[in-house]
């Protein structure tokens, strides 16, 4: 009879290897999925994972997309990692992402058509503030009323989406847009444009901030007492109390960072890649970032790698859609399976499979 | 002619590193109230779990009414007619009395009949219960009634009660005794686990005393003095050692009339707790678990803030100070629960050091952690206290119980606190590690610290404390110098007598 | 603004239809949470139920079979969740989210094959005499069988939880899994059964949306209904009889705001469409402040033998 036996010490090998195992299992499952859809399995995998990076014809176009797509994922996932480590579940990052875009974008549009060097930084600042304030709603409700942050932050996603629809059709609608919903194109408005800093790399300010956030998170968790307290709160809440950690401060800190980073991701996206504030610019990044956070084991460097992998699946997925008529949803399924396999494989870190005599 | 109900022969059980029961044999007669006496670690709970089918013995046999008795599970034990009231109740707070009772029964009647039965049975035994009330709204004493009535409805032949009076008020104790006498008069037997000598002498027909896994004696309590019982429990080899000459200085810490809520439902509130701790003094607080020990430690660590009363550190009032502030003032503590409370199980020893040593060792400056310093300090702890671990980066849960305890206590002592409070310093720790921990505590006192030790190990308390008091139901007895204490006085204090007079010692 | 365009009979009827999927999912999740498990995958279960239900209904030309298959598949999926959290001891929050994401992806995939195919609608149930009543008839007595089933299920589960022994064991396991184990009850089995039942209910709820309410496939059909169901479990205090009130309240607000929009009421459309979610937040806060927290004692905690 097989059973699980707890290990005395978490396995260092499996901590590194479970994400890899999860990827391998997902590739196998993906191959099976593709062949049931009637697509050649190995070729599909090649198109998704290999070609965007190395194909002689178009890799030069698809490689920069990696950073562009990974940027917001990194930002949001880094923010989530703080909360998840502490046991504070910010499921509403999508909402903070949206509000950051709306407020930051709104500020930028308020300046139109005035050109100035301060427009962009101001937009970014307000994007961060917007995300932060939206995250403060569940914080306040949790600290003062003990309301569960999972449901509140999630409800606020729907509220944020309503606000988004409203502003793209009303408040922020492009007066020269011939009646179509959507704001002016922020990417075409020079002062607010978030363009590539080095052509051909996809490196825009959002990516820079994402990399900074990785360094910031790494630093906080390695060296700063707040990072330690976050870890301790999630690991052993009683011990955290014994150590004198203030639980409200931790909630505030984690959700605050999460909201700020998600808001930044939002403003960078609407001034860059998406260009406009429309009701569909958000593309579910707030939820994909959850997968990225877990896949990266809540570790800054892990998150960086996981985000790049996830971006690869987006890009490769688009290519496969185009070339093989692979349904778009299969990539979404693929990403979900990755999370599932990771969660299942995770048990190997703390438990050992053993054969017991019955 | 007294008939034997349950016969135990040569019961032995050991776990890795610990012999819980060693060749224990005794009999319980029909209609007898049989006490099982012994301190923590004596092997009482393992033995009882064996009888109730929760544990399989390594050796020995049991007979019930002359027939071989090998219960594979509590369910089988219940079917055989053995019922048990646990010390920590198996109750569901959100459910009603009737539902709780129904869940614990093998084949319960329907709800309406059950409610009627509960009312009649509980009343007839003097433990009235309302079947519809939610268990969460009941007091500890009333909850125990639910457990007892649940057992009684099964018409048991043997009722096992584990430390039943530890959660009862004196009046409730009287009611319980009446109930037990009635049960006995119906021809049922009771196995009564306790260490409260006075109660046992009043209530029980026979007593079996266990010590360190072995049976010491089976005797008749009414014909044995408390003194003799205490000696058998504790071991007459107990030597009250020569106390080293230590200078006792001024009062460093004083608690005045502390009143506090309990930490959780099964905790005990503290009432009017008063004590003084002098520099260089080791103050021992004895008592059975569940009488306020956790609360006493939490009041001093800062995790629990007293509702009224005052705590002073020399001249400074620290009653409402948070844990961090207390650590800055060199008031340190080590709670009972190691994994999960005094140490985070999945974090490394280095990270666990940071948990409490950051203030005194200045491991954090302007928010940044000095890991070099923290590692160095951890190495010191490992070295000074002989903590066996392959590396300081190993996680806390990988250490053996004794080593972890050496680390957790060593971590505090190494910081050279002014005041040190520790709960169960050597519980579950092997003899060598225990000795080194005690020595460390003595050395700390030699250097002028004030130390409060809360422990259920009387040997240890008598060996190293200067003064002794007993904690009972959240109240602290008067403190007496250990030097002058006799073993039976200690037993009485722990059993609930607070104001001792010498005349009590004679029997 | 012309409020007279709002037909009360139609309003109430559409309210009931709107509430039914929420009710079904929330009832299922109540049972799951009562056993001590937090399954955030309700949205995923619902949408899988929706797509499988529609698919089977079209394939077999039988909407009733659609519901059956929806329940079965959603139940299997939640079983996977159950194995992961009960035996692999994975984190309940993360796994539930994973379930939702997988569900959304899988349903989207299957949905692509459905295109805009439509299914046969369910026959309305005929109540002799009652269905013919002038005003009340169309309001209450002209619905499909599943709607009446959902109301019946509420009653059944209420009785189950309050009066049956099995229901009591379920509550005990959720309340204090250690004590339940000490008394000899199989905690993992009880929880697994609860999880699979909850999955089946969510599947039915999702199928109701794709087979009755819409009734067609659109991507992201459930639009957060699963999350609403989770919130309703909390603010009904894990009480079956209050769940139906919550579901109808929410269904009511949703339908009302749509009607108000159509009637040209001067409240901005966005505010109206946000209102159900804002009301949910307010009720959640109100509950946390005032109500006693009746969440099952072991909710969300992993059980270690």
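Order of writing sets the labels: A, B and C. Residues in every chain begin at 1.
Heads up, the rule we're going with is that a residue touches a chain if its C-beta (ideal position, glycine included) is under 8 Å from a C-beta of that chain, and two chains touch if they have at least 3 such contacts.
No experiment lies behind these values; they were computed from the predicted model shown.
K.L.:
Using the definition of touching given at the top, classify the network of chains in this structure as line, ring, star, complete or other.
P.N.:
complete
K.L.:
What pair of chains is linked by the most C-beta contacts?
P.N.:
After counting contacts between each pair of chains, the winner is A-C.
K.L.:
Measure off the straight-line distance from the CA centroid of subunit A to the CA centroid of subunit C, and report it in whole Å.
P.N.:
Roughly 28 Å separates the two chain centres.
K.L.:
Report the inter-centroid distance (CA atoms only) between subunit B and subunit C in whole Å.
P.N.:
47
K.L.:
Would you mind listing the residues of subunit B that make contact with two or more other chains?
P.N.:
There are none in subunit B.
K.L.:
Given the complex with subunit B, which residues does subunit A contribute to the contact?
P.N.:
8-10, 223-226, 228, 231-232, 235-236, 238-239, 241-244
K.L.:
Within the complex, which stretch of subunit B touches subunit C?
P.N.:
It is residues 73-75, 86, 89-95, 99, 102-104, 108, 111 of subunit B that touch subunit C.
K.L.:
Quick check: in the complex, which residue numbers of subunit B touch subunit A?
P.N.:
For subunit B paired with subunit A, touching residues are 301-303, 322-324, 327, 335, 337, 340-347, 351, 354-356, 358, 364, 367-369, 371, 394-395, 397-398.
K.L.:
Please give the residue numbers of subunit A that touch subunit C in the complex, ascending.
P.N.:
Per the stated touch rule, the residues are 4, 84, 89, 91, 141, 145-148, 150-152, 154-156, 158-159, 162-163, 165-166, 170, 287, 290-291, 294, 327-337, 339-340, 343-344, 346-347, 351.
K.L.:
Going by the contact rule set out above, which residues of subunit C touch subunit A in the complex?
P.N.:
Where subunit C meets subunit A, its residues are 40, 80, 84, 87-91, 93-95, 97-99, 101-109, 111-112, 219, 224, 227, 230-231, 234, 268-270, 273-274, 277-278, 280-281, 284-285, 288-289.
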